Every structure is written in C-alpha cells, then in structure tokens.
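In this document, chain identifiers A, B, C, D, E and F correspond to the written order of the chains, with residue numbering beginning at 1 in each.
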Amino acid sequence: MRPSGRAPDEMRAITIETGYTKHAEGSCLISFGETRVLCTASVEDRIPPWLRGKGEGWVTGEYSMLPRATHTRGQREAAKGKQSGRTQEIQRLIGRSLRAVVDLKKLGEHQITLDCDVLQADGGTRTASISGAWVALRLAVDGLLKSGAITQDPITAKVAAISCGIYKGTPVLDLDYPEDSSADADANFVLIEGGKIAEAQATAEGAPYDEEGFLRLLRLAQIGCAQVFKAQGEATRK
Amino acid sequence: MRPSGRAPDEMRAITIETGYTKHAEGSCLISFGETRVLCTASVEDRIPPWLRGKGEGWVTGEYSMLPRATHTRGQREAAKGKQSGRTQEIQRLIGRSLRAVVDLKKLGEHQITLDCDVLQADGGTRTASISGAWVALRLAVDGLLKSGAITQDPITAKVAAISCGIYKGTPVLDLDYPEDSSADADANFVLIEGGKIAEAQATAEGAPYDEEGFLRLLRLAQIGCAQVFKAQGEATRK
Amino acid sequence: MRPSGRAPDEMRAITIETGYTKHAEGSCLISFGETRVLCTASVEDRIPPWLRGKGEGWVTGEYSMLPRATHTRGQREAAKGKQSGRTQEIQRLIGRSLRAVVDLKKLGEHQITLDCDVLQADGGTRTASISGAWVALRLAVDGLLKSGAITQDPITAKVAAISCGIYKGTPVLDLDYPEDSSADADANFVLIEGGKIAEAQATAEGAPYDEEGFLRLLRLAQIGCAQVFKAQGEATRK
Amino acid sequence: MRPSGRAPDEMRAITIETGYTKHAEGSCLISFGETRVLCTASVEDRIPPWLRGKGEGWVTGEYSMLPRATHTRGQREAAKGKQSGRTQEIQRLIGRSLRAVVDLKKLGEHQITLDCDVLQADGGTRTASISGAWVALRLAVDGLLKSGAITQDPITAKVAAISCGIYKGTPVLDLDYPEDSSADADANFVLIEGGKIAEAQATAEGAPYDEEGFLRLLRLAQIGCAQVFKAQGEATRK
Amino acid sequence: MRPSGRAPDEMRAITIETGYTKHAEGSCLISFGETRVLCTASVEDRIPPWLRGKGEGWVTGEYSMLPRATHTRGQREAAKGKQSGRTQEIQRLIGRSLRAVVDLKKLGEHQITLDCDVLQADGGTRTASISGAWVALRLAVDGLLKSGAITQDPITAKVAAISCGIYKGTPVLDLDYPEDSSADADANFVLIEGGKIAEAQATAEGAPYDEEGFLRLLRLAQIGCAQVFKAQGEATRK
Amino acid sequence: MRPSGRAPDEMRAITIETGYTKHAEGSCLISFGETRVLCTASVEDRIPPWLRGKGEGWVTGEYSMLPRATHTRGQREAAKGKQSGRTQEIQRLIGRSLRAVVDLKKLGEHQITLDCDVLQADGGTRTASISGAWVALRLAVDGLLKSGAITQDPITAKVAAISCGIYKGTPVLDLDYPEDSSADADANFVLIEGGKIAEAQATAEGAPYDEEGFLRLLRLAQIGCAQVFKAQGEATRK
C-alpha cells in the first residue's frame, strides 16, 4: 500500500503551465503532484569555446532548489560558495538528456540553457526538471524557427523522465517523498518517444535488485513517460 | 510621461498569494506589476551563536534572483561561488527592515529566515521582497502563536517598502525596469505603518538631487506604502 | 551628553596628510578623530570591458579594515576567502559617491581605483574613506592634467561624507564608536559642494525615526560636510 | 573490430597489487589494462555527525585523477579550488557501491574512507576504482577483525564494477579510452557477487539504445565482473 | 655601485614608531628606508584546538600588502578569494621566527597574532615585518606581565631579520627594490641576538652561488641585524 | 643513534623508475627509502601571458600528497577548496630549483610543468620531488630534441635536493619521518652538479643553530647530492 493510496503503476497528476515567465525564450511551470519546477530556456548567440567555428550549437542544463523547497530549510549553495555533488550530477543529467533529442548542427551557433529551479519538492525533482525542460526547449526552438534564426527543426523527438523504485518490495511508479526516502531501490529513466532509452540509472539503496526487478521498473517508466509525452504534447500542441 | 502611461504617483497592481508553498511556515507570492517574488518564512529552533542564552530570537533575510528572472540570463551565484555585493546588500536590508518591527524578546529562541527569490524581475525587486517578507513572517508568527510556541505577538507593526525615483525630471512612484534603468535618482524607502521610517536610501545616478527632491520622493513613498499596507492586511486579515 | 563631551553639532578634528605613500598617483592619510584611513588613487590605462571603445574612463572604490583596526581582532577577509557584505556595500558606496563628481568622458580611457584601508577605526570609517578618497582622486587627476594625459578637468565638484545619528534621543554629528554602537538611528550622507545630495542612507537601529528626525540629521550633515570641504580644499589648495 | 583487437566480451588484463602503500590500513594498486588506480582504505574512529550515538559506522569514497594521468594535462582541482561535477559524481558512486556490501551496524563506530587516485587513465577509471576499493576495504576490515576492534565481519559480499558500451553498433565489454571516447552508449554496472545489481547506469552518447541493447550490456557486465570477483578473491584470498 | 649610493654593508635608515595604533596590545610602524610596515600584536585567550589543555600558548603571524604599496597596483587577495603562495610563505616565516624566541609554556594559554601590513614597499618587506613584529610582541608581553596575566617573561631573546643579496657580483646588505628585482641571489636571514640563526634562506635568482658567497651574505646579515637589535632595544627600552 | 640505524652521513636507498606513466612526455617514480614520488613532465605549447612574444619558455612545478600518503589521512586540498601554504611553498621551490638549470631561451616557446605527487611519505618529500622532477624534465627535453622541436639542449646541469637536520645534537643526512618530526633544525639544500648552490633553507625548529652547524649540514648535503646526481645519471644515461 503506497502512502498516497496510489496503485503501483499510477502517476501523480501532471500539469504544465507554459509561458510562466516573460523574459525567457521558453518557459513552463511543471508539476508532478506537489513537486513544482520552473523551467526556462534561454537562447544566447555565444557558444562554448570548444565549439567555436564548427557551426554547431549547444544545449546545457542547470538545476537548483530554492532553500525552502523542502521540509526543512537548506542552506543556499550561493552562500556556501559551491554547488553540491547532487546538484552537479543532476545538472549534467539534464543537459545530457536534452542533447539526446537535439541535432546540434541544425541548432546552428546558438546555446540554449535550461534552468530548472525547484519551487517545491515532493520527490522526483530531477525527472520533472527534464520533462519540463523539454517543453521550455520546444517553445524556445519554435521561436527560433518562427523568427528565421534557424530553418530546420533541431528537435528530433520528445524526451521525458520519470522515477520508479522498489517500495516495500513492490515496484512502483513516480515516487513521492515519503516513498523516495524509504525505497529499497531508486531508479530514474529518461526515455525518448518511440521506445528508445536515453539514460537509465538504478541504485540499490536498501537491498540490491536483480535483472527482473530492473525490467519491471523499466516497464513502469514506459507507462509513466507515455503520460508525460501526452502532457508535453498538449502543452506545446506538438 | 512614464513608459507605462502611469501617473507619477500611481503604483502598479499589487497581488499577494499566500500559502504559495506547502513546506514553509509562512509563504506568499507577491507581485508589483510584473515583478514577482516568492517569499517564505522558515522557523528554526536554533539561533545564531551570539544570541545563545539570552532568551531572544532572530530574524534574517536572504535574497536571490533566478538566472532568467531578467532580460538576459545571469550566471548563478552558486556556480560563480560567491554572492554579489548587490545580493548581500539587499539581504542585509531585508533582515534589518523586518527586525525593525519585531520584538526579539517576545519571539523567544526562534530564528526566522525570510527567503526572497525573484521569479521575474521588472524593477523594485528588493522592495517587493521586503513587503512580501512581512506577509510570510506574519503567517509564520501566527502559526507560532496558534501552536503555543510563543504567547505574545512579537510583531509590533506592518513594514513595507517601495521604490521611487526622479525620472526625466519628475519624481515618480514604484519604478519599473525601463524607468529604473534611466532614472536620475533612485530611492528605496522602508516605512512602518503609522508614519515612521525604518530605512531611507536615495542615490543620485545621473544628477544629484536636493532636499526638496528628497522630500517629494518620501511623500510618494508614503502614498505607495499605504497601498502596500492595505494589501498586506487583506492577505493576512490583520 | 555625548561620551566624548562634544556638542551635538560638533565634529571631531579632521586632519589630512597628503602624499602619504610614494607609489600611488594620489594619496592621503585622513583622520576623523581617532578614525584613520589611508586613501590611495591608482591610475591605470586599462578600463573595464563594458567601457571599451567608448572613450570614457571609470572610477571605482575598494575598502578594507586592517585586522586590528578595531577593538577586537577580526579575521582577514583574504584568509576567509571572501569579502563580507558590509565591505562590499561600502566599496559600492565609495565608487558611486566619487563617480557623482566625475565627468567620465573628460577622464578619457583611464581607470582610477580608490583604495581606502582603515588603519584605525573609531566610527565613521566609510565617510572618512569617501572624504579622503576625493583628496587622493584630486591629486591623481592633477597629475594627469599636468602630464597632459588629459586636458580638461573631469572633477566637477568636491564630494564629502559624514555620519550622523540619533543618540539617546538627540541628533548628533559625526558619531564615534561608542555612539555608533548604541545609536537609535544611524545615517550616512554624501554631499556635493554647493548643496546637492549624492547619497542619503538613514537606518533605524533601535527605534524608527520620522521625517523631522531625518531632516535634522541632514542639517547636521550639511554643517559637517562644510568643514570637510574646507579641509579638502586646504589639503589640495583647491 | 575493436581498436585493441579484443573480442567483444574480452576484458583487459586485471592485476591487483595489495599492500602498495605502508600507511593505509588497506591498499592496492589495481590495473585494468593500462588504467591504473591506487586505492587505499583509511580507518578512523570518528564518524559523521549524523551517525553519532547510533553505534553504526560509515563507508565513503573519494576520487581524483593525477593531472597527467590523461593524454593532455588537466588542471589540479586543488588549484582550481573546486572539484568538478564528474569527480563528485564518481565519489558518490564509489561510496554508495561499497556501502551496498557493508553492514554498517557490524562495522561499529568506525569510518572507512576509500581513496581512489588514478595514476594512469585509459578508460574505466571509475569501475577500476570501485573494484580496487573493495580490495582495500577487505584488507582494512581484516585488520579490524584481527585486532579485535570489531568481532563480526561487516562485509556481506564482494562488489565489482565494469564498463560496457555500444561501440560501432556492437556491445563490448570493458571499454578502453579509444572506445570510450566514441561509443554510442556507455554503461557502468556495479554488481554484487551472487547475481544482484547494486547500480546500473547506461547513457546514450551518440544514439539512444533500447531494452535489448541494455540487456546485452548487462550480460557483458556479468561476464566481466565474474573475472573481477576472481581477481579480488585471489588478491585477498577470500 | 648600488643604485642608492650605499656602501655594500650599509643599511638603510631604520625607524620604529611604537604605539602606532590604539586598539592593539602592542604595535609599531617600522621603516627600513622607504619600506614601511604596520605591525600589531593581538592577544587573545583562545588558543588553537591542538594546544588545548596543555597549558601552552601560541604565536602566529599574518602578512599582507596594501594594494598600492607597490609600483603598480595589485589586486586585493580578499577580492581574489585566496592568499597567494608568496603571502602564505611569508606568514609561515613570521610565525616560525617569532616562536624561535618565545617559551610557549611561559606564555600560558594565550595566543598572540602578529599582523604585518605593508603600507609601502621598497624591498625587504618580510624582514622588516619580522623585525617590527618582535617590537609589537615585546610591548604586548610587557602588558601581560604588568597586568599579572603571566608572571614570567616568555621572550628569551631579540629576533631580527634582514635581506642580503648578490647584486652585480657584489654581496650587499639590505636590498631595496631596484636591487632586489635584479639580484643574482637573494637571501633572508633571521638571527637571534647572541649569534644564533633561526632561519637562513638563500635563493639563486640569476646565477647559482657557492659556499663562500653564502658565508659573505651571512656576515652582512650579522652586521645588519646588530643594527636592528639596537633599534628594537631603543624602541622598547630593553 | 638514528632510529633507522643509519650513520649520520648515510643516505637511504635511492631508486628511480623512468617511464612510469605512458602519457607524460617524461616521468619517473623516485624513492628515497620509503618516500615515493611520482614525477611527470608535461610539455605544452602555450606559455604564461607575461612571456608571450619573447621567444622564451617556462618551467613550473606542482606538488601534492595523496590523502593517505601519511600516517593519518589528510583532507584533500581539492575538497577543502584551497592549497595549503606548505603546498604552495613547495611548489614554488620546485619551479625555482628546476629553472636554475634551464636556459629558457633555448627552451623556446614551450611550457614544461613538473607534477610531483607523493604516493607515500616518509620524510624528504620536497627534496625527492625536485630530484625526480629533474629526471622527468631531462626525459621530456630529450624528446623535444629528438623530435626537432628544439635544437639546443636548454638544460645546463643536473640539479638535486636533499634534506639534512640536527637530530639529537648531531647533524644527519636525509631525514626520515621519525627524525624530521623531532629534529632541532631542518634544512633543505638544492645543489647544482659542479658545486654551486641553487637554494639553501635552514630552519631552527627546537633550538637555533650557528654558522658551524649550518656548514656541517651543507657538507652532508654535498655528500647526499653526489649520490642523487649519480642515480639521476644512471636513470637518464647522461
């Protein structure tokens, strides 16, 4: 029995509010239940030094939690003077996941930074971030296409992410915080619409898992991402 | 003529949405026009070392802008590894302003941290932060009173802040970004309901001002803060 | 009754020893009573990146206290690895104040850095810094004019600063440390010779103040700055 | 055809030289082909603050590359003043992987830090680190058991790690640098002797992969880890 | 021929002005020619953690140059966020040199920090710092003895330092900046009154030196330190 | 009697294993008894900004201890976010010592970085580092000559370093850790083959020393370095 009363393969409600901020070239506020992340896509003409002169663009991600997004207040990383290992790990995952569906040559010499700022956390902040970042990216790229800055759509597919885990012996989909904090295994899947996998990470927290356990988590992720793809499509009409 | 078409003594619309996040003891999303700040109040039992054993509490403020709250994306201070002078200056102002209306003895050995995170910036972020922080503080203190953690209300009055400036020779109230970026003088006032001043800061940007100019700005601030006090009262029913 | 026995509108003795160090293009050791600040002006040909190609110069300020300038030894900011919010706030104020009296176009592509290092602190270190920085700036600019590096004087007026405060209910001029540490309100004024105001900052520490209180502090500041302007003139024969 | 001429399921030679340094409670120099990592286990009596009074121990990992472990010299992280996201991600993985086979209660109030310093890199440094760290840990724990500091063996199983990837369309085992830098997908598996999985991470670099691809990589990892378990056993005679 | 016209064994004028700042327990402004260093001794009751409970004290040194102590302005180490290797090397030397003449047991549980801040640099700042730090220390210890905080004098002797070097082939005493910047070898000696050596450091800059060269530098240092000991004695009447 | 049973003028065994790592242009693992340092020379085409356009090269050194090179584990400097004063002092010494035997003009516009990483420490790590760095440098320069990147040998001589000290009243050569930690005086000499001195540093730790003591330490250093020169020659066949 899940603390929320959900069935093992039941997602929380997903909502995506596009255009949440006025300055970003693309933005949305995405919610997976009570987890709420503000995702913005910022387009810049300068690209990282190692790409100069190649005619390619770049897509990168940044992630942060507001100090009181969580049950107890966390110290600001800006005040501590450095980003935690967890933050950096998530940032790298966001960038990698989005680049998996972008043809950097078609993007031309533009850099798009996807900022994912968690306003409220209740489990699954990194997967909501990736899922929302795609929406912000889609909107920003639509703008580039509309303005003629680029002529071919560099986005090759939708990408979405979801967490799964083994909670009290049962594989469950879309962990909320009470589940996440006591799961035996915790997995994050980044899937590409059409059935491919961009990233799979499954960690034993309490007890190691086996191949079958892994495959059951992957099945749940496929169920969950299908719903995210639908929500992304409705939000961007694509 | 102001870019927005407002009269010189006309504020932008103020909205305050309380309870914006579920974990904080008090929270609101405050808007002054298109400037939007998420303010949370976090209550902790530990107090700063220098206050230990005195039976007093502490109120402090923190401030940050999301990287894409502004026209062009700014680098995260956490990534740079330090907070800018501007950020620190504003944080100190928020803390000082709120402490001006709190009896720290009545607060008992609690620390309340007021986090002001700017989701969207269009001028006046520090004054919106102070005004919203009071609402978050009021809600958190109501909780402490209700739970019996403290027995006397430590808040002595409302405090609100507003920016004013001399724009193309005319003193105007509540500067938005286009005004702020080209004003001759830029002032921030922190006023206490009942007519007192907690803080006044007036800086000549383009041309120095004189005593009369200063007094006209103060008059505008009194007009503006009256409206903020009203909105704070409605939001907290106090 | 002030701890020092001074009348409410009585300044401490001001002394300005010019040419205190041999390497700087302009320098002085300024004392307001026992507060002693070494101010140097360094002229460099490189200007900040955002000014390049505009034919303009820049004036900026830096501030530091020696570790034992105060009653108890403070840790070096260089050892801590960062400058405090207070230091950064004062640095920004010094730069802004001096730029208020400099025509940056006439300065040409030169950057002048005003370093204010407090050798001994007894209240009013930031105002002594600004007042002494003007002298160092004046001397450095005289050198530029004499050498023909610039042909028009970019300094438009004298600028001076003084602190005032409400001490035991009475507005007083030029607070020393015992007054500063227990004042109800604490103000710093940066005035331009001729009657204009470059910056006014008045903070309630113990009890909020009102408009009349503010104006009485401003009157005191005008009395005090008149004396600083005189001392600046004598030191630089201008 | 692999650059090294190896068969797809062929590991590089594994060598483990135990007792490589004299001060550490356990140590080895592990080589996977030309990748060489010095792993040391340091036992300390102090444990992290959050564990105090629980009668449990802790196992953590640290990782670094010598500046010239790689083709071109990298700047020292100590000189840069911070550890990269990659370093922190690997450190977290090492700690998590080893804790998966340690009963922290049986370890008692001891902290064991596993330092993995890469002397020479040729692909697979993180997996060699985990595999070697287990040997260092085993030796250190043997010492604790022998000295009577603990009475029950807290290590529940062997843990080993190996990288696999899809190189030019073919799943291959134990990637070396030339393969790693151009693989379509790159996976790291941390397996526990007996068939369980502690961690699986599979990232699409060039092209996304599918479920079958993932399973083929897992099969290769099982083949590879069997050989690592054997080498670990020979090195520690367990 | 030395640029200053001095004889090879001729020191620059030494002046020591004691009591230069009012807050420090001991202080002096020491000048070796145009090199001017403010040295303060701060006494604190807390000692470093590793000495707690041993009934001993500690003496440590810190060193900094004001940004415009030199020909061209240097960036503040506090702004850079770290102290240079040179600064740290000098700090360590100052502490070590002074501890060579202090009986830490007789000092009791007090820590004395010797801050050496260079107001103007013209070569030999580290040796002036050590020589001046002894004076500040002597004055601070006199205060401890007078107040009864300690009963036995912990200072066992005078310590002084001087630089020497091989300039255009000739060993010379007390290098000024023009000599220092083009010397073939550069040495710093820390001598104890009575003939012993606390520290000798001789570095070949342009051309290596030999044993005889070293001994000639040592002879010069003995001549120079004799004069410093005399000046220290006159300044402290010891 | 020395703890190791060695005669006062007896070195520990020196071994030098060249080509220890495959990526560096020159490398060796040098051992002075149980002190083991991995030295690599990395050649790069870019030179420091201040040398650009002069047609000269640069040689610099870096130094680090692995966290468990010592008896008790030390925190990583990368984790602390800064290098200690000791590390920086040693790095500066390594660079200076090697530059003493390199004609930077003949090196052309190449920078050679000598990384000295201590795998195991038992006293004398800085002197082993310098001695091993020469071997790595020699090998890297041989490669430059062989490839034709430079045409004249920029290395003018061998350089070696050794520690000496006064242990229980007796001058001894090549201190190991037990001697180093309780010596009365501790000296490091950097000598150039042929009899010249590049650097001499002698520090009184417990009791000050005199001129004769210094000379006896220098004699021991000459004996020791002769053996290092021989080992360097055998390792590089020069």
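Quick notes on this one:
Just so we're on the same page, contacts are C-beta pairs under 8 Å (C-beta built on N, C-alpha and C of every residue); 3 or more make two chains touch, one makes a residue touch a chain.
Every value quoted in this text rests on a predicted model; they were computed, and no experiment measured them.
Note on connectivity: the fewest steps through touching chains from chain B to chain C is 1. Chains touching both chain A and chain F: D. Here the repeat of B-C among D-F, E-F or C-E is E-F, since over half of its contact pairs match by residue number.
Centre-to-centre separation between chain A and chain B, using Cα means, comes to 33 Å. Put simply, the C-alpha centre of chain A and that of chain C have 50 angstrom between them.
Residues of chain B found to touch two or more other chains are 81-83. The cyclic arrangement of chains, read from chain C in the direction of chain E, is C, E, F, D, A, B.
On chain A, the positions that touch chain D within their shared complex are 82-86, 88-89, 91-92, 96, 100, 192, 195-204, 208-211, 213-215, 218. Across the complex, chain D is touched by residues 21-24, 27, 34, 38, 40, 42, 44, 62, 64, 66-71, 73, 76-83, 87, 113, 115, 117, 119-121 of chain F.
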